[in-house]
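Read through the structures below before going on.
Note that chain A is present in both complexes that follow, paired respectively with chain B and with chain C.
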Partner chain A sequence: MTSIVATQTKSSSFAAARDTLLPALLFFSVLGVWEFFTWYTDYPKSILPRPSAIALAIVNNWSLLTSNILPTASVALGGFVIASIVGLGLSLLMTYSKWTKEALYPNIVGFQIVPKIAWAPLFVLWLGIEFQSRLGFAVFISIFPIIISMTAGLKNTDPTLIRLCDSLTASKLQTLFLVRFPFALPYLISAMKMSITLAMIGVIVGEFITSQQGLGFLILVAFGKLETDLMLASVLFLCFVGLFFYSLIAYASYRLEVWFGNK
Partner chain B sequence: MLEAILDKIRARGITSAREVLLPISFFVFVIIMWQYAVDQKYVPTVILPPPGDVVAVLQANRDFMAGHAVSTLYECFIAFICACTLGLSISCVITLSYFARRAIYPNLVIFQLIPAIALAPLFILWFGIGTEARVAYGICLAIFPIVVSSSTGLLNTGNNYLRLCQSLTAGRWQTFLRVRLPFALPLIFTGLRIGLTLTIIGVVVGEFVTAQQGIGYLISFAASGLETAIALAAIVFLLFVGLILFAALVCVEFFAFKIFSGVSAE
Partner chain C sequence: MTDQEILRADAHVLADKVQKIFNPGKKQTIALESIDCRVREGEFVSLLGPSGCGKSTLLMMIAGLETPTAGGVFVGGKPMSKPREDIGLMFQDPTLLPWKSSLDNVLFPIKILKRDRDKYQKAAIELLSRVGLEQFLDKKPAQLSGGMRQRVAICRALVYDPEVLLMDEPFSALDAITRDEMNQVLMDLWQDFKKTGLFVTHSIREAVFLSDRVLVMSARPGRIIEDLKVPFDRPRDFSIVDSAEFNEICGYLRSKIDSQH
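Presenting the complex of A and B:
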């Protein structure tokens, strides 16, 4: 995230306080206006529930919400891990084999034109209505950023460094681990962040189409019962799951960078 | 004439005929293997119909599918135009007002965390099951990357240029129109591209859930009826819808760069 240009000069502590308080103030005032408006006009609960009603729904349905976290989260994480491994493997293949890269890479980039979401019902047709279809779809959706980013990253190491490795008689494997991979790390990290988000999206859409458990399924159930507060509570829980995974990836990438000596 | 075209192709990094022929032949090879696998009964036709079937379905139901494709195209177009207008206005407000910048921008970045995909049933609750729901959903999905990208581009003009404007006593609007906007064009159009992808995704998922008309409806309806050939043909139509929309965006980008030429760095 790039920083905002500050064209005023005030003391830095005031600036820091202002930069955190102002957005928080806006957020809570919007929340307050929402609560007041729905209370004052007695707005129908099924169309726009009050924030307090959503909080109440979280408390009342706590066990329901928490028990449905695991199916969604596990499929998303599993899909991401499989996509990372397969994607890394494919990009390694494409780095070291010119023919594979030239044959495969343009097809992969061209395949991106069709929004992969559209394939969701076909995955249900192919893999059934159990978790396999959601897992397969999550892998399918999240593998492309990894392949594309990692191929670019591994191929674009500085040729001077590769020549240095060659002149020091380093084997291909050594060059890979000690030079290519560490320099491709920023590409991998940004691709992984995109990938986990896409895996979550894939699982949620899969659960919309067919599911008997999970947070997406809970959203549909709440929608059917017109319990909008439970629906919004599930969305909030999905936010937290997404945030948790994103922080997990951010932390894992930090440790990776430390290990490879980039930091 | 031929030399000019070849030079343009070489400028894109393609140095030999092999780089064009290899991917195309790989694609053809995959189609041939597909046909072979179905012929040898390795794969049941219900799971993967032969490519000939898909082509036959495309030809037989051309008008019917084109109708749905046009509906999707229309909804994506409306949603994208609205998302652009709204998004660019919000980022203008963010750029021009110190208060808005510090209050709204961090909230927007945080709000990107909400998996907007999960809000599809909410939009049906609010707008019914018609075009409005799908268009609103597409707008909701697309607006965040548009605003965040454009704001980043508009806010991060080089300090020297801003100081030059200040020293020449340029007003906020003048600085905005003549300096910030041209320099931000690449990032704005990156955001617009992401926004267009998300609009298409939003409209298609909206069609999954509302199940009334459009390519998404065709795909989910065909898949639930085990008509894989129709579903694959519908995906081909979606490819064309996406191509048309992206071609339109590229044209707009071309003219925008022409109008603001000489300033934006490519």
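Presenting the complex of A and C:
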């Protein structure tokens, strides 16, 4: 009997550990194969540096890398926040004004299909080579998922529940805050996760076109000098910034759900 | 008093020559054709009829959520033009907020009406205990069965003490056994909370068991074709549904509905 119980506990704790162990194992295996392959074939460092060389590049360029985080991260975050607020406002406007929705929504959906990256040089032309153009472009590229998901979410509220609110003589504002918004919250959260990623892409594309600082700029500089290890180190830093933002939103959305009583 | 005022004074709920036409014009649908319906104070009346006969539309007009094309709806002598807090409404779906507990769902009207939550909390707990949910106060709707959810919805409709309760097929989405149970629950609640009730259903048995009076409606366009008093004393026990008299009444109502086809 005891042995059976012991085996079961062991297998279930193994299953729990497997969730983190398996991806980690795969990640380090790929690094290992990469390291071995580049060392064994003496592969040109300028094309594919070894993982150990990238680690070394991070150590050697630590202050250069860290000092370029803020210019990229702040503009991306700023763009995301503006996109969220403006996007939220527009979807509320479209939920309550039929005319606005009829005029605006088809245009937004249509515009969504256009490859927005193609607009990046125009933003430089319109807003200059300073951070404003990158901020503007980040807003532009990351606002669409917010508008579209939030409008869908607000529309998705159970119509009978709205009738119930009406029958209870609820004001529009009460229905919005007590029913519609909490219903749309999951939509908003998934849209925000998508939006921050797009804001990052927007800023990096902006930095590729014209910038004197930022991780995107650093990638271009390293590219010019064929310092591939520094390029990959910068990419790695961008990953960290992205992950940080993502967890920030995951936490913020958890707080929002608690606040609205969803959790 | 004019004739109309006398008519109104006698009825807690009054539909006076109510007509409802959807999409007036060439493609119009006449949902209701000159309906007269009156419910006295404390009376429980069922609107019985086939699907699409406009009985829900009539209920929504009484709730102030729809406006009649012609005729007038009065509750407590006053014409209905918009929803009022002396009227409670129950739907086919429980329409609970999925992220709120049973207790918070019951207190939802209190929040909307900006009344003092502390004053009503005790009443809400009492109501939930009354319908056998004292162990489920902090459970979310997803953790409750269909019947339990509809019990929460009944409590929510009663907690702010409306004078009139309008019910739109509240039990029709439940299975037969749960439905019989809910009929008894509602019957017992009615004993304690004397309200004026209007109950829409397409179940003959349910209508007869619950009501003081059953109004039979014809298929579209809806008209009232029968107004039958149910003779059983209150409180009723569900066992009466097996009696010969009960089944005779049901058979009579069935023949009235069938005569429409």
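Worth pointing out:
Throughout what follows, the second predicted complex is superposed on the first by the 251 of 263 C-alpha atoms of A that agree within 3 Å, B and C clash if a C-alpha of one lies under 4 Å from a C-alpha of the other, contacts with A are read in each partner's own complex, and residues count from 1 in each chain.
In this text, a contact is a pair of C-beta atoms (placed from the backbone, for glycine too) under 8 Å apart; a residue touches a chain by one contact, two chains touch by 3 or more.
Here the structure is a predicted model, which means the values were calculated and not measured.
Look at A:S63: by the touch rule set out above, it reaches neither chain B nor chain C.
Of the two partner chains placed by superposition, A:T41 touches none, neither chain B nor chain C. Put chain B and chain C next to each other and count what each touches on chain A; the higher total goes to B. After overlaying the two complexes on the shared chain, residue contacts for A:S13 are found with neither chain B nor chain C. Once the two complexes are overlaid on the shared chain, A:T160 sits against chain C while remaining clear of chain B. In the superposed model, A:A103 lies in contact with chain B only, and not with chain C. Shared contact residues of chain A, touching chain B in one structure and chain C in the other, are absent.
Those residues of chain A lying in contact with chain B across their complex are 1-2, 4-5, 7-8, 18-19, 22-23, 25-27, 46-47, 99, 102-107, 110, 113-115, 117-122, 124-126, 200-201, 204-205, 208-209, 215-216, 219-220, 223, 226, 228, 231-232, 234-235, 238-239, 242-243, 246.
For chain A in complex with chain C, the touching residues are 158, 160-161, 163-170, 174, 178-179, 182, 257, 260-263.
For chain B in complex with chain A, the residues that touch the partner chain are 18-19, 22-23, 25-27, 47, 98-99, 101-107, 109-110, 113-115, 117-122, 124-126, 152, 155-157, 159, 162, 197, 200-201, 204-205, 208-209, 215-216, 219-220, 222-224, 226, 228, 231-232, 234-235, 238-239, 242-243, 246. Only residues 63-65, 82-85, 87-89, 91, 93, 95, 97, 99-100, 104, 108-109, 111-113 of chain C touch chain A when the two sit together in their complex.
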